[in-house]
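Supplied in structure tokens, the structure appears directly below.
In order of appearance the chains are A, B and C, and numbering begins at 1 in each one.
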Amino acid sequence: MLERMRHASPLVQCITNFVAMNYAANVLLAAGASPAMVHAPEEAGEFARLADALTVNIGTLSTDWLEGMLAAARAANEAGKPWVLDPVAHFATGFRRRAVQQLLALQPGIIRGNASEIMALAGVASAGRGVDAGDSVQQAEAAATRLAQSTGAVVAVTGAVDFVTDGSNAARIHGGSALMPRVTAMGCALTCLMGAFAAAIPENLFLATVSALACFGAAGAQAEPAADGPGSFAWRFVDALAALDAAALAAQVEQISV
Amino acid sequence: MLERMRHASPLVQCITNFVAMNYAANVLLAAGASPAMVHAPEEAGEFARLADALTVNIGTLSTDWLEGMLAAARAANEAGKPWVLDPVAHFATGFRRRAVQQLLALQPGIIRGNASEIMALAGVASAGRGVDAGDSVQQAEAAATRLAQSTGAVVAVTGAVDFVTDGSNAARIHGGSALMPRVTAMGCALTCLMGAFAAAIPENLFLATVSALACFGAAGAQAEPAADGPGSFAWRFVDALAALDAAALAAQVEQISV
Amino acid sequence: MLERMRHASPLVQCITNFVAMNYAANVLLAAGASPAMVHAPEEAGEFARLADALTVNIGTLSTDWLEGMLAAARAANEAGKPWVLDPVAHFATGFRRRAVQQLLALQPGIIRGNASEIMALAGVASAGRGVDAGDSVQQAEAAATRLAQSTGAVVAVTGAVDFVTDGSNAARIHGGSALMPRVTAMGCALTCLMGAFAAAIPENLFLATVSALACFGAAGAQAEPAADGPGSFAWRFVDALAALDAAALAAQVEQISV
């Protein structure tokens, strides 16, 4: 799947937060996709018709940007392009809670969050407070399955071991590094990479999501040994992603039943 | 104090500029805090009540963001949470001069700036023009002391040797590296780290400020020898911060009298 | 010219996109200039009168920012300060197409783009779609020359070998690295560096543009051998720029006739 994505070099419209923009663009370029950070309401919808996929992340939301996100998601739907939702800390404020409901109503093909975000989205009590998870992935698996079944989206819960499900199929993805939560915007960049795989494999968003997670798991595991801390891990991860051998991905993935 | 901050892992709401957001978040994660970049007027005040401390930096100010900053500072005050002001280049335009007066009126617990910024804030003629200081820290010490006495804030002037005072106590912090002014957003990230220490030691903002400065002094000194230039210094500094031994901090601090 | 720019350490007002801000600021600091990212309509014009040069990049455009760009360009013109235009993906949406026409009417001294951007600006059919070029520099040379002649600006087309012309003089700049298009914001940072050289050599914007391109060509070639991928290339490039020997620049430049 990695070779197919690299060969397609899909144009991915990333509406992501200010913290993540640079790192996410570098992650997509390293992986072989073509990122475009286009979010303004004046053009987000028009651009979504040109792009091969869309990703929407509410990390640094504002009213203007929400308008751009909604316009882009509607345009993606109309044009039959897949789109991915990353509901960052959606439980933290009323503004985020309302925004995420509007976005969910536009039926994202993939939803990615940490355990606290996915649990709160499924209506389960969570320990989330800021942008970091207060719950384990395992605690969120049942909530993720219900969320996938009720929304029709592929749902990915990321953490030490990732969990992904479309409501009937499920997988756990291993690998990665304990340094990943110490580097900001890794999860946001992963959401963007899911957009790249969704563009390349639109007929199978479960496989697209698993592929993006496996890339992160493999690149994270490869970057860690030579890293002296989160600062060096960040760029070593980008190097590992650019050098990633497609054959390394399958080893990260454990197919399970739900 | 470093161990106390790491153990608390405080949630720090950082309203900082577009240039600094990614680096500041990585600095806080490396140091052991949990950063959240939340600034929109739609939610900044609500979030400030959840967070353990707030930092406000006017580097890339706009009318909307100023509204978010003021709402967050008011909410932090009401909730008894400490907040830190970083008046970036506040002397450069009328818009900034007015904004900083509104923010000062909300009584930040800590103010951090370079020599030109602190001198201008104390009403002393300075040589500042853009975001880089045109004056030395030593030239700004008297102005910093007066500013601390008139505002009740702890005032930190950062440069080759940092100066910090609450109007009666003062210290100089040594260490750091000549490469630090060659890396953008180091000062902005330091302001955010002061927020993390203020959250952990709210009863002693002078000590919180000194602790953050000592972390930067020690990590900067440790990162420099292996750095080949500002590019490698930036990530080596993050690695050094993550590996920092609390015992290394005291050596950076020189207690002085004002 | 590099020594002259470093000695002047010009204050460059960079209105650039959210993806590029941090990297562009670090590139300017490494090269020896003093960047200031000031874009809000509330102050962009006022600041442009203080700064030594202005650069405008429409990468993440919005209505507010366009207002700031236009105010800054007008102020730069009135104050006799040079300004540089980077029309990122201006062909992608109606909003961008209209914005770039308004900016062109304010007569930038330098225009930098990839081949697709420059061809589209000259009214030639191009293969551009997102932010990456779909055409080669060589295909864009004639369009660049016409654009320079019709606008009076120095026009630079960047790619594997760069082309720059003022309509009567022209040069190609060699060097660089195949990793450069794999790192986001390299072109945006280059536009900002052109602003730094334009501030230092306002009487010869052709030479200023060639100098900035030669810095990128030399630093890119020096950074590549030790880089393990785009992640390590990004910071090695900054280190190389900081260490750049002015004597290395001339070797990158091939004077040609148009």
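Just so we're on the same page, a residue touches a chain if its C-beta (ideal position, glycine included) is under 8 Å from a C-beta of that chain, and two chains touch if they have at least 3 such contacts.
Listed by chain with UniProt protein names: A, B, C = Hydroxyethylthiazole kinase.
These numbers come from a predicted model, not from an experiment.
Novice: For copies chain A and chain C, work out whether under half or over half of the interface numbers are shared, and give different or same accordingly.
Specialist: different
Novice: Write the angle of the rotation needed to overlay chain B on chain C, where the fit uses Cα atoms and the result is rounded to the nearest 5°.
Specialist: So the angle, rounded to a multiple of 5, is 120 degrees.
Novice: Can you check how far apart chain A and chain C are, centre to centre, with Cα atoms defining each centre and the answer in Å?
Specialist: Using C-alpha averages as centres, the distance is 32 Å.
Novice: Which residues belonging to chain B are in contact with no fewer than two other chains?
Specialist: If we look for residues of chain B contacting two or more partner chains, we find 18, 22, 234-235.
Novice: With touch defined as at the start, can you tell me which chain B residues reach chain A in the complex?
Specialist: Against chain A, chain B makes touches at 11, 18, 21-22, 25-26, 29-30, 34-40, 42-43, 46-47, 50-51, 64, 234-243.
Novice: For chain B, which residues count as touching chain C in their complex?
Specialist: Residues 17-20, 22-23, 59-63, 89, 92-96, 129-132, 181-185, 228-232, 234-235 of chain B touch chain C in their complex.
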